[in-house]
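Both complexes below contain chain A, partnered by chain B and then by chain C.
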Partner chain A sequence: MAPEQIRSVILDILARIAPDEDLSELDDSVPFREQMELDSMDFLDIVMELRKLYRVQIPEEDYGELVTMDSTVTYLTPLLKDAESTV
Partner chain B sequence: MAKDFLKDAKDEYDVIVIGSGLAGMTSANILARQGYSVLLLEHHYQLGGMATWFKRQNGHIFDISLHGFPYGMLKSCRKYWTQEIADSIVPLKGVRFKNPQFSLETSFNREDFTQLLIEKFGIEPETVKRFFDTARQMNFFDDQGKTTRELFEEFFPGRDDVVRLLMEPISYANGSTLEDPAITYGIVFSNFMQKGVYTFRGGTDRLVKLIKAELENNGVDVRIRTQVEKIEVSPDRSVTGVIVNGRRIGCKAIMSNSNIKGTILNLVGEEHFDPEFVEEAKAVRLNNSSTQVYIALKPGDELEYCGDLLFHSEHNGFDIEAMLSKNVSSRTFSFYYPETRPGSGRSLIVSSTNANFSDWADLPEEQYEADKKHLIETTLDCLEQYVPDIRERVDHLEASTPRTFQRYTQHLQGASFGTKFEGLKVSKELPDQIAGLYHAGSVGIIMSGWLGAVNYGVIVSNDVDKYLTPAAARI
Partner chain C sequence: MSYDSIIIGAGMSGLAAGIRLAYFGKRVCILERHTTIGGLNSFYRLRGRNHDVGLHAITNYSPPGGKKGPLNKILRQLRFQWEDFDLSPQCGSSVVFPGHTLRFNNHFDYFEAQIAEQFPREINGFRQLVSEIDAHNIGDLGQTWISTRARMADHISDPLLINMLLCPLMFYGSPSAHDMDFNQFVIMFRSIYQEGFARPYQGVRLILKNLVRKFKSLGGELKLRAGVKQLLIEGKQVSGVMLDDGQILEAKNVLSSAGSAETLQMCGAEVPQDDRFTPGDISFVETISVLDQQPQEFGHEETIVFYNESEDFYYEQSKEPVDVRSGIICSPNNFEYDRPLEEGSIRITALANPDYWMNLPEEKYIEQKQYWYDQILESSLRYIPDFRPHVLDVDVFTPRTIKKFTGHINGCVYGAPQKILDGSTPFNNLFLCGTDQGFLGIIGSMLSGISIANLHLLNPK
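This part shows the complex of A and B:
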C-alpha cells in the first residue's frame, strides 16, 4: 500500500472509533490526542484493527509511533508495503 | 438422563473463555470479531457473573451490581458491544450523602464537587483544582508506593470530612481503602468525576440479553451450566484444552475470567508454574465481600424521589473497619424508580454494605438465619427516615451475605471487587508462565467494576490476538 492509502485506512479506523469527531480538518502533523478525544483504549483499538486487516504486529514499545497521522503513516509504510489496500 | 449442556459443541476451538462476567463476555466478543472460533463456558444458569439480577414473586426484578458506573462505559459499550446497548446508558440524577458530618446532594462530577469543596467545605479553589488535576493525571506507571491516605494528607490535612466525601463512594464502588495505592484511587475517582454516575436503562437482565444476542451474532458458542474443572497444560507449558462437565475440549488459547487465584491454584495447579510465581499468586489479597438487602414495594406503589444513590452513615468520620463491620453503621441505598425498567411500575430499593467474609462464613445455620433477619430489620429501621411507612409498603424482602456471593460467583471468600493492586501483576504475567493462558477479570482495583472489567477484557484480548496471529504472517 502506498502512504496515501495507509492514511485513508487510518482515517477509516478513526471514524469508527470516534464517530462524533469531524476528521476532515485533521492536521497530519499534530498529535491525534490534541485534536480529538482519544484515550489509550482507542489506540489499542487501532492496533487491533490493523492486525485484523493486515495481520501486522505492532509491539507495545512502538505504540509511541502512532502519535500523529504523519508518524503513523511513516511507521506503517514499510510494514504494509506488500499489503493489498482494503479501501 | 441429565441434559447435555455441551450438546453439539466442537472438540476444538481457537479460544475458550472460562466465565461470563463482563470481562469474559467482552473478550469472547472481541476475539470472535477478530475472526476466531470462541467457546464461552459459564457454570451458572445465567450469563453476567456479578452483573446479575434475580426475579421474585409478583414480577419483581432485583439488580445486584447496577448501582452506577462511570461515563466511560458508554463509549466502551459502543465500541465493544453495540450502539443499542450504548444508547441505554443514562445518567443518575442525584447522589446523596447523609452522615454526622454533612448532608448534601450532588451530581457527582468535577464541576459540582469543585463547588461543594469550595463553598461547603471551605477549601481553597487552587487546592481543589490541583487535587483534581493530580488525580486525573495519575496512571498505571506512576509511583505505586504512595497511598491514598498520603494523597489526602497532602491536599486536605486533618480534613476527615473531605476525605469522607471523596473516599466513601469509592470504597463502596470497589472496596478500596486509604492504604491502597493513590493511583488506584486517582484513576477510578477521575473516571467518575469526568461526567458523573451512569446506569443502564432496562436493568441488568436487558443488558445481558442484548449482550448474549450480540455474542451469538458474532458466532460465539455460548454455554451455560458448564463448569470448567481443569485447564490442560502440556509438559512444555502451553495450554491445550479444558475439562468441562467431564468432557475434554481442545483450544489454542484460554481466557480465564474465573478468579485469578482460583485459575492458578485450582484450575491449572501449582505444579505447572515457577514456585516464585505460585508464592506471588498466593500472596495476592482479595477485596472484601458485601451484604445486600433487597426491598420491593407493592406493585404500582411509586417511590417518591429521594436520590438515586444515598450514602448513609451514623459513624463519625471515614472508617473502613466500621464500614466492613457486621455491626452496620454505614449503608448505601440504591433507589430504583419505575423508569429503571420503563413500564414496569415497580419501585425497589437495594441496601448494600461492604462486609468481611470471615464474619459470616462459619456461623451455625440458625445463627446465620437470625443474623440475616437482623440485617433486614435494622436496614428497614434506617430506611424509615427516607421512605416513611416503608414497612407497610413492602411487598418482598430478602438479604444476601458474603456466603451468597461466594456460592453464585465462585469468587474465593465471596470477594465482590476482585483483588488488591498486586493481583493485576499476577494476572498480566500469567502468559509468561504458560503460553496461551490469559486472565481478565476484576483485579488490581482499577480493572474492577463494570467499566474496569469490560476494558480489561479488551486489553487482554489484544494480547490473545497477538499470540494467535503468527509472526510469520507479518507482511
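This part shows the complex of A and C:
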C-alpha cells in the first residue's frame, strides 16, 4: 500500500472506533488524542484493528509512533508495503 | 464443541465482552441459564405491559457529541453510535432528608450551588472533596479498600451532608453496609452527580437488543436455557463447562459474570477459602405501580427522589422484611422524551431482608408482597402526592425474585463487598466480569466486560 492508501485505512479504522466523529477536519500533524480524545483503550483498538485486517504486529514499545496521522503513516509504510488495501 | 472463550451470563457485562471477542475474530459462546437475556438488568412482560427489571435510570449520561467519560468509551469500544442507546436526560432528581432537599440534574454546577446555599459552611470542604474525586484514578487495579466516610470526614464536618451525599450513591451501588469503598464512591459520584441520569424511551430492552444483535452479527453464539452446572477443572486450569443438562463445552478460557462466590461454587470443593470471594447481602424489594395518568398530572415531576426519614442514614441489610425508613421513588415518565410514555408508572425501592423473603412458604410470600407493597407506598407518601387512586396494575419483586432469575446469592444486587478489580481468580484462565469486578450500573457493567476482555482475553501479557 502507498502512504495515501494507508491514510485511508487509518481513517476507516477511526471511523469505526468513533462513528460520531467528523473526520473530514482531521489535522494530520496534530495528535489524535487532542483532536478526538482518544485514550489508551482506543489506541489499543487501532493496533488490534490493524492486526485483524493485515496481520501486522505492533509491539507495545512502538505505540508512541501512532500519535498523529503523519507519524502513523510513516511508521506503517514499510510494514504494509506488500499488503493489499481493504478500503 | 470447543471455543476460544465461553462467557457465563448474558447480562450487560457478558454481552459487551462477547462483542469485543467476536469483533476480533474469537470463537465465543455466551451461556445464559434464564430464558431471556439481561441478568440484573433484564425486562419482562406481565399482563400485557412491558417492565424493566432493575433499571431506574442509566447513569453516566453524556450528551450527543461528547467524547469523554464511560458512556463514550463503551460506545467506541462496542462500535455503537450515540443514537443506538436513544438516551433522554432526566428532568431532575432530589435527595430528601429532614429539613433539607438537595436537587440535582445533569449539570453539576446546579448541584454544587444547592450545597453552597443549604450548607454554606461546608461548601469549601465539598469542593476539596470534589478535587480529590477528580484526581482519583479508578483505573488502578491494585488498590485496596479505603473508607469513604473517613475520606469525607476529612473535608465535611456536618454528618447530615455526608449522609445526604452518600444516600443516592449507596442506594445505586454500594454492596457494603454503612460505608463504601472510596474507589466505588468515586465511580458512583461521577456517574450520578457529575454525569447524571438518562433513559431510553423503550427502556433497557433497547440496549440489550442492540447488544445481542451486534454480538450475533459478528458471529457470536448465544445459548439461552443453558445454565452452567460446573466448571471443569484440571489443576490451575479450566478446560470447559458442564451444562445443567450434562452437555460439555470446551474453551481456552472462561469469563464469568455469575458473581465471584457463585463462580467459585461452580468450581467444586477443591477451591481454597478466600474472603475476597464472600457474597454480599444487601438486597431490595421493588414495587411497580402502573397508573392511569402520567405522574406530572398529579404533580410529581421529579425523575428520582431518594428519601430518608431521619438525619441518620441506615444503609444496611434490613432487620424488618423491608426497611421503610428510606427508599427511592422513580418515575420512568419523567425524562425529557420527545413524546410521553404510553402509561404512567412509579417504582419504589427499599432495602430488604433476603433471608426473610427466601424462606417464606409460597402462599405467605404472595400475601407478604401485598402487605409490604402497602407499607412501602404508605411510607413514600411523605415525598410524593398520593397516587394510590390511580393504580391500574402492580408488580413487586423481592430478593427471592432476584435470586431466582440471576442466581446471585442473597438476591444481592450490587455484588460482593470486595471487588476483584483485575478480574482474576485462583485459576489461570478463568476471569470475572460484572458486578463483582467493580464497575457498576448499566454503562459500568458493559465497561467491566470490555475491560476484562481486553485485559485478559484479547491482549494477554
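Operating definition for what follows: the second predicted complex is superposed on the first by the 87 of 87 C-alpha atoms of A that agree within 3 Å, B and C clash if a C-alpha of one lies under 4 Å from a C-alpha of the other, contacts with A are read in each partner's own complex, and residues count from 1 in each chain.
Criterion: contacts are C-beta pairs under 8 Å (C-beta built on N, C-alpha and C of every residue); 3 or more make two chains touch, one makes a residue touch a chain.
If you're wondering where the values come from, they're calculated on a predicted model, not measured in any experiment.
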Message: So in the superposed three-chain picture, is A:M36 touching just chain B, just chain C, both, or none of them (first/second/both/neither)?
response: second
*asked:* Contact-wise, after the overlay, does A:D82 reach chain B, chain C, both or neither (first, second, both, neither)?
replied: first
Q.
Quick one: is A:M48 in contact with chain B, with chain C, with both, or with neither? Answer first, second, both or neither.
A. both
Note: overlapping chain A surface for chain B and chain C spans 17, 41, 44-45, 48, 52
Interface with chain C, chain A side, in the complex: residues 16-20, 36-37, 39, 41-42, 44-45, 48, 52
Seen from chain B, its contact residues with chain A in the complex are 30, 34-35, 76, 79, 455, 458-459, 461-462, 465-466, 469, 471, 473-475
Touching chain A in the complex, chain C uses residues 24-25, 64-65, 67-68, 72-73, 75-77, 79-82, 450, 454, 458-459
Seen from chain A, its contact residues with chain B in the complex are 17, 41, 44-45, 47-48, 51-52, 54-57, 79-83
